[in-house]
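To keep things simple, chains are lettered A, B, C and D as they appear, and every chain counts its residues starting from 1.
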Amino acid sequence: MKKLACALGALLMATGMASAEDLKIGLVVTLSGPPAVLGKQIEDGFKLAIDDKDGKLGGLDTELFVVDSELKPDVALTRVKGLLERDQVDFVVGTVFSNVLGAIFKPVTRSETFLISPNAGPSTLAGRNCNPYFFSTSYQNNQNFETLGKHAKEQGIKSVFMMTPNYQAGRDAVEGFKKYYDGEITNEVYTPLGHQDFSAEIAQMSDSGAEALFTFMPGGMGVRFVKQFRESGLADKMTFLSAFTVDEATLPAQKEAALGFFGATNWAPSMDLPQSKKFVADFEAKYGYIPGGFAMQAYDAALLIDSAVRAVGGDLSDKEALRKALEAADFESLRGDFAFNNNHFPIQDFYLLRVDQRDDGKFWTVVDKKVFDDHTDSFAAECKM
Amino acid sequence: MTDRSVTQDRAPQGGATPARRFGDAGLLAGLAILLVLALMPQITAVAGGSYVLNLVMKAMILAIAAISLDLLIGYSGLVSFGHAAFLGLGSYVTGIALTEGIYGALPILGLVLLICGGFALVTGAISLRTSGVYFIMITLAFGQMLFFALSSLSSYGGDDGLTLWDTPDLFGAYVFQTGSGLFYSTLVVLALTWLAVGRIAGSRFGRVLRAGKESPLRVGVVGFDLYRFRLAAYVIAGLFAGVAGFLMACHTEFINPSTASWQNSGTLIVMVILGGMGTRNGALLGALFVVLIEEALSRYTVDWKLIFGPMLVLIALFAKGGLANLLARVGGGR
Amino acid sequence: MSVVLALDGLVKSFGSLLVTDNVTLDLKPGECHALIGPNGAGKTTLINLVSGTLAPDRGKVVLADADISRLTPPQRALAGLGRTFQITTVIRSFSVLENVALAAQAKDGSSFRFFGTARNEDALNSRARAALETIGLGHRAAVRSADLSHGEHRLLELAMAIVGAPKALLLDEPMAGLGKGESAALTETLKTLKTQIPILLVEHDMEAVFKLADRISVLAYGKVIATGTPEAVRADEDARAAYLGTKLP
Amino acid sequence: MSSTLFLIQLLNGAQYGVLLFLIAAGLTLVFGVMGFINLAHGVQYMIGAYLTFMYFGVTGNFLTALLLGLVTALCLGLALEALVFRHLYDRDHLDQVLATFGIILFVNEAVKVIWGPGTLTLPAPEFLSASLQLTDNLLYPVYRLALIVVGVLVAAGLYLVVTRTRVGMLIRAGASNADMVSALGINIRRLFMIVFGFGAMLAGFAGALAAPVFTLEPGMGDNLLIVAFVVIIIGGIGSIRGAFIAAILVGLIDTLGRSLATDAMNLIFDASAANQIGPSIASMLIYIFMAAVLFFRPQGLFPAKGSA
């Protein structure tokens, strides 16, 4: 019994350490399993921003606590409570995935800690459950898909085959696309999450006679699908419209198989803006890979915190003032135009992107055309803020 | 036929065996663990803070599910690989009830018991036709079916899950609100589960289950329809796990299909084996161990599984009977 | 009631193989009826048909004037058919007493009682102890049954079979694996026991069979080829032929 | 659905089934013969894929890489057997579950640390990189056809080994009565070691073959392990024939289910509900199938213990 008590004591000590710093930020990302690639981008992007500010965001010594959500909502919840109660962070930045954000949302905002999402943007948090303590430097999930829908309509594409994973983000993708696209939809196919073999779906595509494919296959699913799609020969017959399927996270594995495929989002590493060019160059030099939107949004999240803390002169206790400062978004975003809407989601431009090969042989995305100018999400009206 | 007092002399304990004496030590150890848990709010106030208390609460809720699973694995020889389904179902019934405007804890718990019991009755009736590894897999199958069903509940968040903005109340008292109210409610449920499973194991009913674990044939031949006993045990375990699901929904203020995933079912099994099967204390210790060690290790490295994995292997290889037995040996050696 | 247990025209085949061929035999109060036959004669199948592990294709099993042919093994046990196994199947982690108490519990009201410590139920324990005394295992009541000797296991099985006061006993090779002395002792115990509960005995130990049995039936190729007193069977040509090379004592 | 499409889907289902068989075969042998629940079979599949990937990076030749990968997978399997599994043969099934679960955690994490968390790809061998024109606009990689052929060959080979050879006889005898085999003077431990090493190699082989189609990821074997268990349960534990038939059935049901479930639900529900329910039903299908098989045949389709 005594031994147990000692062990318990040691454990409590180990898990209960905290130290005092000026500005404490908790970063909740997924660092386990294949999605760790995305979590790493966010971590690297955020750290790069802190480095660029010489370790002081808003002029305060900054301490960063990185925790791994393991893509398990309950694990994320436990660790976030650790950040809030043990480490007493001033900001929580996260997450990659909507389900993890949903799990941590209530405890973080209830503790009146500002929560900034560098990626996940579920519709409920943009709409009826918007919150004074929640900000997003990314987008509302549907917006990338709306971009593709609008593009498809503008191009006069007559029929589309839709395929997304069978989960909430997949459903949002279909809904977002349909909001602007009014042509024929030949099929709506939902695959299991983590799907391995797309041959059955590809056979359906070839049979459907659709003019274009709309898909959303993040991570490893995207790598497998793009490879199998290219092998099937359909790439020459259907226009490939996608989001999060051919991006900087997956292109290193997809390589030429993805060449010429379309994506859509709010930024591309090839973008011709001085701050963006510097960011991409620094990032590549430091981490050895091309940053994607995840890294950019994390970098912006750090800049946002920097600007707000600076504006309130480092006084983190006046939450009202701090919120005002955050809402002002007084920083130079890597993507160019950036302002917050009433629901604390960005008002920004959206682009159609195309996969291209750089001179050094690496693959990245380039802007094909601007689809939306100062786009606001569709749920802001539901937000009573 | 024979003078009873004479035979009483020969076997004064009514058939006391070493196992019986061990059981008494187990009772004390279990009470000691529960006492330490009861003092956790005070202990964590000194070291660890509310974060550690939260962890302990999470472990306690999982311990309720693990102890109920031990009724199946440890006492009945039924390795259910779908026990997390009841956790998931319990939390979803709670979450959906709250969303639909039912706030009373009693009606919600009634619904949880009704639905989890019904699910256990139907799936158990089918699963118990099989045995051994086939039983493991068919319970997995039902767990997966429920998981996919919960994931497809689009109006309740689909696989993104659902944040719960309300808390069940008991006659206007918020004893299930996260914080000390929920802590003591959980403690009470945990203690009741621990007691109940112990009582059940020692009862006539439990004796049939334990005998059936060793020799289903023998139990049938003396005149028991083991299927009915096992089905009842399966339903009882499902009810306890369902209540654990209710507490989990209150604790996390969030429901998510991953609660019902096969990985979670696996974790519950690991808790039971790790702690020691057929001893309620084992499941209790196993749950505490897994939750606390995971969290402590993950503080040091993202790749904590590189340490935790071999730890499990070593326990499997060298700690026969799991942590509870290890503890008993340490206790006995004093 | 002149017949306790009757097998009436039992037939069972596995595919095209007829393993039980129209077997009819009965068991009267106070007697021991032994069933003998060479290996492969269908004794095991017959036992399974009687105890309910297998269902007959035709024919019926009647216990105390009630047709039990369609009952499950537990139901047959409750109806009053006690049995032991060729291979010992006791609950090894239970004490000897608790094994027997478990069997007693089956016949004593509902076992769907979730509270109360079964181990402390005096009514069950005293009946169990009485059964143990009857077969001479009373002094081992507190021992974990895994620690019993092989012979003691057989006795424990017997105690479990009789504690519910069955109407008939079905013993499957109770002497198997016993030493000479143990076997003789068990024979004596059974001799007393059969006066209270008639016994259908399947046994290889011919010495014990001829000492115990009041009647013997010889089974060959699934058929009963001879039935009668030990003396009559000893003299029977067919029985001798079936045991070709084996000398009946 | 047109009949051409239906035929193509049958082909796809068969191909998935064959791959499942390659994974399930080793599992059912180890499980059936040794009565050992090896949850680590999935990570052995992953190891096979990653080793082949690594050797491909060095040699640039798929077949050489595959061969080297298999040898290494075999060695790792034997090492695991000697370090862990050997000490658990006589123990409770659940101790085996705990130990092999620990191995899963460790190996998945180790792979992530060594090769990184990202998805990796392995090209198909040069001589199989062509494609067949299946319909006017659909190509079918020859590699996938080769996969079916290899799977069928492995199935036939295994079946012959188990039913016709002395080792096969020992394997079957060892499954039904280990004591008897020992009594015959056979070293049952060595037999188990061989079976285990072979099972690990078979899993690695499946992983290496699947890599060009399915890509590589840490944890890539976990979900397939569950499906492989479903396969061997449906087929009957220890039965090669059962595993093969069940694998093909599961492959077909899963593939056809995914392409038909939504259409089928459209007959009952309106379009949006069908889109909601169909994919969920498709995901559940193999589990529903397993539960149904076990309901009618609690020991699987080919329960004969110890037979092939």
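Here, contacts are C-beta pairs under 8 Å (C-beta built on N, C-alpha and C of every residue); 3 or more make two chains touch, one makes a residue touch a chain.
It should be emphasised that the depicted structure is a prediction, and the values quoted were computed from it without experimental measurement.
Note on connectivity: the fewest chain-to-chain touch steps from chain A to chain D number 1. Touching chain B and chain C at once is no chain at all. Centroid distances from chain D, each centroid being the mean of CA atoms, peak for C. Here the CA centre of chain B is 32 Å from the CA centre of chain D. Rounded to whole angstrom, the centroid-to-centroid distance between chain A and chain C, based on C-alpha atoms, equals 73 Å. A separation of 37 Å divides the Cα centre of chain A from that of chain B. Chain C and chain D have centres, each the mean of its CA atoms, that are 48 Å apart.
Within chain C, no positions touching two or more other chains are listed.
Residue numbers of chain D whose C-beta contacts span two or more other chains: 108, 112, 279-280, 283. Residues of chain B found to touch two or more other chains are 151-152, 154.
The full set of touching chain pairs reads A-B, A-D, B-C, B-D.
For chain A in complex with chain D, the residues that touch the partner chain are 31-37, 40, 166, 188-192, 194, 196-197, 199-204, 206-207, 219-220, 223-224, 227-228, 231-234, 237, 249-250, 252-254. Across the complex, chain B meets chain A through its residues 29, 32, 36, 43-44, 47-52, 54-55, 58, 151-152, 154, 157-165, 252-254, 256, 258-259, 292-293, 295-296, 298-299, 302, 327, 330-331. Partner chain B is touched in their complex by these residues of chain D: 31, 37, 84, 87-88, 91-99, 101-110, 112-113, 226, 229-230, 233, 237, 276-277, 279-280, 283-284, 287-288, 290-291, 294-295, 298-300. Against chain B, the residues of chain C that register as touching in their complex are 51, 72-75, 77-78, 83, 85, 89-98, 101-103, 105-107, 111-122, 125-126, 129-130, 133-134, 138-139, 141-144, 160, 164.
For chain A in complex with chain B, the residues that touch the partner chain are 1, 3-5, 8-9, 11-16, 31-32, 67-68, 72-74, 77-79, 81-82, 84-86, 98-99, 102-103, 105-107, 122, 124, 129, 166-169, 171, 193.
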